[in-house]
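What follows is a single structure, and I will ask about it in a moment.
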Amino acid sequence: MQQVITENKKAFMTGNETAAWAALASGADVMFGYPITPQNEIMHYWTRLAPQYGRGFLQTEDEISAGFTVCGAVQSGKKAFTATAGPGNVLMQEPFGMAEGMRLPLLAIIQQRGGPSSGTVVYSQQEVALTTFGGNGEGWRIVYSTATHQEIYDYVIKGFNTAWKYRFPTFILGDGYQAKMREPLELYDPETRGIKMIDTYPLIGLDGSITAAEREPQHLCNIYSLEEELYDVVLKNTAEYESISPEIVEYEERQCEDAEIIILSHGVVSRAADDAVKALRAQGIKAGYFRPITLRPYPEKELRAAIAQSGAKKLLIAESAYGQFYRLTRQEIYGETVKMENLFMPGVGIIDYDIISKVKSIL
Amino acid sequence: MQMVAPATPKSWYLPTKPHKFCPGCGHGIVLKALGDVIDELEIQDRTIFGCDIGCSLLSWDFFACDSTQTHHGRTTPVMVGIKRARPELITIGYMGDGGGYSIGSQHLLNAAVRNEKVTLILVNNTNYGMTGGQMAPTTLPGQKTETTPFGRDPELTGYPTKGPEFIAQLTPDSAYVARATVSKYNQLRRFIRNALRNQIEGNGFSFVEVLSTCPTNWRTNAQQTWHFLEDEMEHYFPVGELKNPFGKGGK
Amino acid sequence: MALVKIALAGEGGQGVQSVAEIIAEAAYNEEKQTIYIPNFGLEQRGGVSIAFIQVSDERIGAPKFNKADVVIALSERAVGRTAHYSDENTLFVYDSSFKVDETDLPRQAKKIIGLPAIDTANKELHPRVFNIIIMGAVIGLTNIVDFEAAKTALEHKLGYKFEKNPDLRELNFKALELGKQMAEESLKEGVQEHE
């Protein structure tokens, strides 16, 4: 495959453009998508760049189709991805569910916008519940919540490898601010950083002839006749998901060792949280910073350890939603007795000042 | 010389004027024609106006009629639901080429097959305007859009959807199906009147596609805009009544 | 340099986003940390267009902010829309070519400055470069980028137009210089202190 980034390139671009370049550099063969703000530019850049590298694109009739066309493409052994937001994410739960049920290496970039319903076209962190546990399944998904453009680039590349290695649908959870803002990052070819892109392989359309008895026909399904069959499948897949989780989990932790209050955030809000913790410390307040990078699997053990070690009396969960990240955290660390406070700003950006004020008001 | 301004339809909601559509957009003309017809037929009090996502959503508070904004492509089923529950109401669904022929196509098709007594007005400007100018089902071959930056290739993406043509095939004779254009206002008004008459008289489904302009995303000046509408779009998408229970179809 | 936060606002079509992009590029070219984010809503056209720019030597936190170091409002509507970004540390600049309602101006500002950018563009240069005058003013007020870096970024963005018409290059650079001067003058003069 033609190398996309021939030498490390510093760039100043939007998150959407970054995502398109990352998918190219990852060797993605095809993108399927449908317009919805704020992720449209991923398609705009892909359609302009893809032909130069022999990659494909189709704007489908809707998001349901975009999700299912990706499922088809990955079943046939090609690296495919899609991107969406808001109500499009809601529609894609059906194909995402199929990807969970059939263990398909689907990759989707989600640029969160206000919800529910059409909400706003701008920004939120209100698609956490949907992206982590949407669909009618048990959450066999890997979700990376990015905070910078460098991370969008890095985690799209990593996401493709995660998806194809472990065969669970993988999501890059961004938001409208990340999508539309410009900031510096470095583009690179994965190989030059020792990142080997995992080989793809087909589940259908395999090599070898069925008629010449070179191989058996492949029969894929996602429905079972008996309850017990399903039971076995669910237990098996869940066990596998749990066993690989330690290899996938990622998080960031700063100054929690002696923290009185740990500020918990994810995605772009973690940037403000980081600034807030620094400012609070400078004012003599012992604040700590904990940020899950993977929302699924959640760094539950690591968070429990941070709470235990610090003896913190409070956790402050800050999110641009009304409790989605809070509920996810609470279910993961059930049993912890630390008081959980919250700063809920649904659909609205959070700055360091918001977190600092909140901390001062509750300490 | 005194400027004579055209009368504002009574059914327009004045607090939301001037409206938010771009300069040169055809929506204003379509909504004027619709407003005129609502006034003429005196149905303002029992009209329910539904709009989709995309530029059509800017019409959510356009009329002094009860209105509901839905989801992308879901205006048709919402109007069907209202009509089925309250048949005395006049339901007018307003959508774009994406809402009708792309994500909403299965709803449009099925409403047509069932001959639902709703009136759907679909504004065709050959692109997805509000999201920044992506390809629409009605984008012409060779037309550049944000997702067909090198021109629409029919080999890859098919030929433009001719909606009224397939709706006419799916519906019984009691349905009304037409295609109008913002370049012919009186005809546009007549087609909308016939469509609403079809619902009011309880005959069946009524559907009017309206060819319209989008200089913002076409990146055209006034002259180029009219040229694209009249010389290109109207040649590709024939204007006229395809199905008319009230008499012979024609211009 | 410490973090500088700028909000630039005007009517759609006044070139607010173009100017913001060029400034951000210039800062990036100087290897500074930069974030530029436009506001965006439903409509394609119309409404007040706002650009948020942050430049710093350190990693920048949240992409938006509550209070700006400099606000520049280029229309009446823009003044009303951006007044709340001003506190006692903000330089609030508006284009004095149009009449602004006292009640729309911010209650708190370090200084409120009226710059007749539109008038100047119309009378001395060309209406089209009014936003470049503003760009010069931003630099004059904040020194957020080196003047030469700004010229380079401007050349990079508009170079293709300058190739076709070399007079445009001189016009734009003059506008940039003029804006910078106007801003520096206004800071010296102590135009309308506001408490």
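As written, the chains take the letters A, B and C, and residue 1 is the first residue of each chain.
What we mean here is this: contacts are C-beta pairs under 8 Å (C-beta built on N, C-alpha and C of every residue); 3 or more make two chains touch, one makes a residue touch a chain.
Keep in mind that this is a model prediction, so the values were computed, not measured.
Taking A-C and B-C together, the pair of chains sharing more C-beta contacts is A-C.
Every chain gets a centre from its CA atoms, and the centre nearest the mean of all protein CA atoms is that of A.
If each chain is reduced to the centroid of its CA atoms, subunit B and subunit C end up 41 Å from each other. Centre-to-centre spacing of subunit A and subunit C amounts to 36 Å, using the average Cα coordinate of each chain.
Among the residues of subunit B, those touching two or more other chains are numbered 57, 130, 132. Listed for subunit A are residues 37, each touching two or more other chains.
Within subunit C, the positions touching two or more other chains are listed as 42.
On the side of subunit B, the complex with subunit A involves touching residues 53, 57, 69, 71-73, 98, 102-103, 105, 128, 130-132, 134-135, 137, 146-150, 156-157.
Across the complex, subunit C is touched by residues 20, 22-23, 55, 57-58, 129-130, 132, 216-217 of subunit B. Those residues of subunit A whose C-beta lies close enough to touch subunit B in the complex are 34-37, 40-41, 43-44, 47-48, 51, 57-59, 61-63, 87, 117-118. The touching residues of subunit A, counted against subunit C in their complex, run 12, 37-38, 121-122, 177-178, 180-184, 268-269, 271-272, 274-275, 349-353.
Within the complex formed with subunit B, the residues of subunit C that make contact are 42-47.
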